[in-house]
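Dropping the structures in below, format is structure tokens.
Heads up, the next two complexes both have subunit A, just with different partners, subunit B and then subunit C.
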Partner chain A sequence: MFLIGHGLSVRSDLPIPEWLFGWAAAMVLVVSFVALAALWPEPRLQAPSWRPLPGEIGRVLASRPVEILCGAIGVFLLALTIYAGLEGTQSTTANFAPIFIYVIFWLGLVPVSVLFGDVFRAFNPWRVIGRAVAWMARAVSREELPAPLEYPAWLGRWPAAAGIFCFATIELVASNGDKPETLAIAALVYSALSFVAMALYGVERWIERGEAFSVYFNLFSRISPIQTRDGEVGLRRPLSGLPQLEPLPGTVALVAVMIGAVSFDGFTSKRPWNSISPDIAQFFQDRGLSPEYALELTFLLGLIGGVLLVAGFYRLGVLGAKSVGGGFSARRLAHEFVHALVPIALAYVAAHYFTLLLFQGQGIVYLASDPLGEGSDIFGTADTEIDYTLIGADATWYWQVGFVVAGHVAALILAHDRALALYNDPKLAVRSQYWMLAVMVGFTSLALWLLSSASV
Partner chain B sequence: MTRSQRIGLIVAAAIVAVVGFVVVSPGGKDGSGNSALTTPSAGAEGQTKTEAPAPSAPVVARIQIRGGEVAGGPPEVTAKHGDTVVIVVSADAPNELHLHGYEVEQTAKPGQPARFEFKANAEGEFELESHTAEHAGLDPLVATLIVEPR
Partner chain C sequence: MTFEIAHAGHWLTSIAYFVPVVAFLIWLGITQIRERRREDR
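Showing the complex of A and B:
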């Protein structure tokens, strides 16, 4: 058994050289200081801003036929993934399921959401099937269906946090997480759970709060200037969707899982991890676990450690902000600022995985022609190969640093804007932000360290 | 303290922070390039040799697989963009090898080493893996190819 952080990694990026690492960190400091220097004295992002696209485009894009077409594509892709995973070859890179789930879906939908808004909502196969079933049930029974149970307030986004954690566990911990069959079975189990939950709590409520991928991509889509409202696509200020995020229970946990999982994936290629993890695995093996389980347990502990570290660090920042006064509880402050961590999560995903998307994503060209890996050639593209010369190491480094710095700036702006709105006294707002600044700089330094050549 | 004074102070602090950081941070751009062509010690125990003297000379690595294991552990083979790389793998049993990224497959047989020769034009870290080891449930890594920008 071999675990190399990511089941698909046949190529990995060269670490960012130290000199560039240094300049990037320095840039983060400058930006932080300047942003704090009262260049933004009034809150500007708190009020919703939205206007429809000119003409009829906005209505056409959100119309019923487009909705049905997108939904059909979503359901088809889910079915194809499960079918290919169960029936196709069990080689990771020759089967449609792993590349589609880990690269096209999980990574590809992130930039799509950030640029074009909550696109996944339209394609979400679980939502489409849930709605279709409800519609048919209404048509058959010819009366209103019984109202769903009330979604418990304490549950909030906890199911989504748990779902993303399970996904990360399959991706980063399970030794067979890159096997097509594993993924197909996971997709079936997840679909069944989703249908049960939608039947209990109602389709839209579950999609909004519990369905892990809807919640995940929706968080990123709040960065986008495009938003659909009342059946019409329109424009809003970039980032202005995030302050509207309802701070439900579990939101901090969800964001901590998002950042923690990427951090752990980066950390597994680092020397500290590679020197201690065999010892931990040996410890479990000595207590009677098989080598495979021992290694999986070690990785699971590492993943949990990464998530707890991120959550704990945010908690420290919140306690610091509480200490400046203003009479807010730590819980309240944690909820008031959690939306600012979303751009940081985006920066982590983008910097770590954009080359994986760029290179392994090309695999979908040959997989579209041969989804089962059994020699078919539907579109005549089965013989294409991945072009690994698409982007060089230098360009990769600059993009990575660019993503990290941009995410940091966006997070700073959001936290600053919220502080201005939250505290009556601008002085208190600024003082609370020194703590948030420390949190943001800490996260950014961690991201850069994970990408850099320091202690590879 | 007035607003403009405060801004001035913060900007001054920023400049101090940046200058300090650049002064303190180790190594310049020149410093990082020198170690690029040295061979990591893991694979350099007489069994494996990696050398890259002048840009025109090819980077050559020799790897031996004995009893399913890479002698001296899987080495790192480091080259610069555009270099010609030659990796020769000898094995005491038939061994199916795959260089990822460059997508070259060769089979090494006793007395008949597998020879990978190619131009390093894709940058990044790539794995040379043994399908034979993978199918046997062993660690498939034979070598790591590192191609750095020139």
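Showing the complex of A and C:
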């Protein structure tokens, strides 16, 4: 379990109680919904929109030298993380691996993807190594390599969902999940599995559908106004990348894992969990498990519960939308609207881990100079300390509420736009969205409760 | 398992967060029933 605190200090100067922010947020969603119904009569985000950046900037940014440089940086960082994890000090905060993986990579790349598009694709070390190995194999054998196996249609994004779930398990469940050595071994195992999968199904196909982090960051990058297409960076309407998301099997599960894991992380600081979890752990201990395994199993069940809760709530919204008519199956509707959950996942990540990224992210400055935590000072920054005065508790709360509301309004826009395209009757489209609005209000209330200082 | 009956204010504060969801679901249910009755007629 990663135990570097998420939130800090107490909110003391809010003009209204925290729960009233929840009511206000729900009102904002209802007003946004009415405004969309009145002012957004035609689908506007369904058709792809893209234009290249002016001049040669777009081609330069996506050029081969830049691609090679980014790939080399990605491979170097992966190697450094594994080396630091295996050879460095086993302190969570003094070793490069935990801060880099949990804060810079896992959290930092989310806003970067939202702002600048699918940046991780360029830095992805597994893709780089896979492509380099394929290139070398072709050069050595001097003939075309055998064609990869066809990626099974039913597999869809299930491997990515499983990969993100495993990552969340290491982060939130494993008692040694913040230990540098554990993370280094996990990175090695994941690398090996990725290489095998790429060898079987082809590098690009696996990166596009199965490689967990590629799929994860790609989802967020679809919110971005920046997209690389045919070797050129260009601009598109913000959010317009999401309606183009191919509704593959496992996509709902993936998004449920994304939101459910963050929800569970927040829930572990609440009194209901802290009241019930010792009893569940004791139950497993009474059946012969060690205290450590019993606690891990308890947390694993909690994590699974969080994911199922999110999936179930979405399912409820879909069944509600189905009940208004239109002749669509629940499965079809679940796939048609799943892209609208991505901004909600973003809102959850941004609001929940905002302070963690802001504060612990500064740790990378001293870790760059001393990645192994053994007293080196490569860039002269090893003595840098984290500045915890960057933002106060009240300001943090305002930002968190802002993230939650903005994410859910974006989700409403996407769902409304898709409904207009899906239903022939605009009235039916709006009625189907009552249920999606219920889902959004539910997720908003849950997010703000999890973020609130209410302990119960 | 410890259920705290005292300090009901804490529970009420948490419940307050979910009032909009419950209110919205009740409104939605009523709307749905009305629609069905109208269609039946």
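In this text, the second predicted complex is superposed on the first by the 419 of 456 C-alpha atoms of A that agree within 3 Å, B and C clash if a C-alpha of one lies under 4 Å from a C-alpha of the other, contacts with A are read in each partner's own complex, and residues count from 1 in each chain.
Operating definition for what follows: a contact is a pair of C-beta atoms (placed from the backbone, for glycine too) under 8 Å apart; a residue touches a chain by one contact, two chains touch by 3 or more.
Quantities reported herein were computed from a predicted structural model and do not represent experimental measurements.
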item: Partner chain in contact with A:Gly375 - subunit B first, subunit C second, else both or neither; value: neither
item: Touched partner set for A:Trp19, first subunit B, second subunit C, both or neither; value: both
item: Touched partner set for A:Thr389, first subunit B, second subunit C, both or neither; value: first
item: Subunit B versus subunit C as contact partner of A:Ala438, first or second or both or neither; value: second
item: Which superposed partner A:Ser452 touches (first subunit B, second subunit C, both, neither); value: second
item: Partner chain in contact with A:Ser275 - subunit B first, subunit C second, else both or neither; value: second
item: Which superposed partner A:Pro146 touches (first subunit B, second subunit C, both, neither); value: neither
item: On subunit A, the residue positions that both subunit B and subunit C contact, one per complex; value: 17-19, 22-23, 26, 30
item: Subunit A - residues contacting subunit B, complex; value: 1-2, 10-14, 17-19, 21-23, 25-26, 29-30, 33-34, 36-38, 355, 385-386, 388-389, 392-394, 396, 453
item: Touching residues (chain side subunit C, partner subunit A) in the complex; value: 1-4, 7, 10-11, 13-14, 16-21, 24-25, 28, 31-32, 35
item: Residue ranges of subunit A in contact with subunit C within the complex; value: 17-19, 22-23, 26-27, 30, 271, 275-276, 279, 320, 323-324, 431, 434-435, 437-438, 441-442, 445-446, 448-449, 452, 454-456
item: Touching residues (chain side subunit B, partner subunit A) in the complex; value: 3, 6-7, 10-11, 13-14, 17-18, 21-22, 25-29, 31-32, 81, 100-103, 121-127, 137, 139-141, 146-149
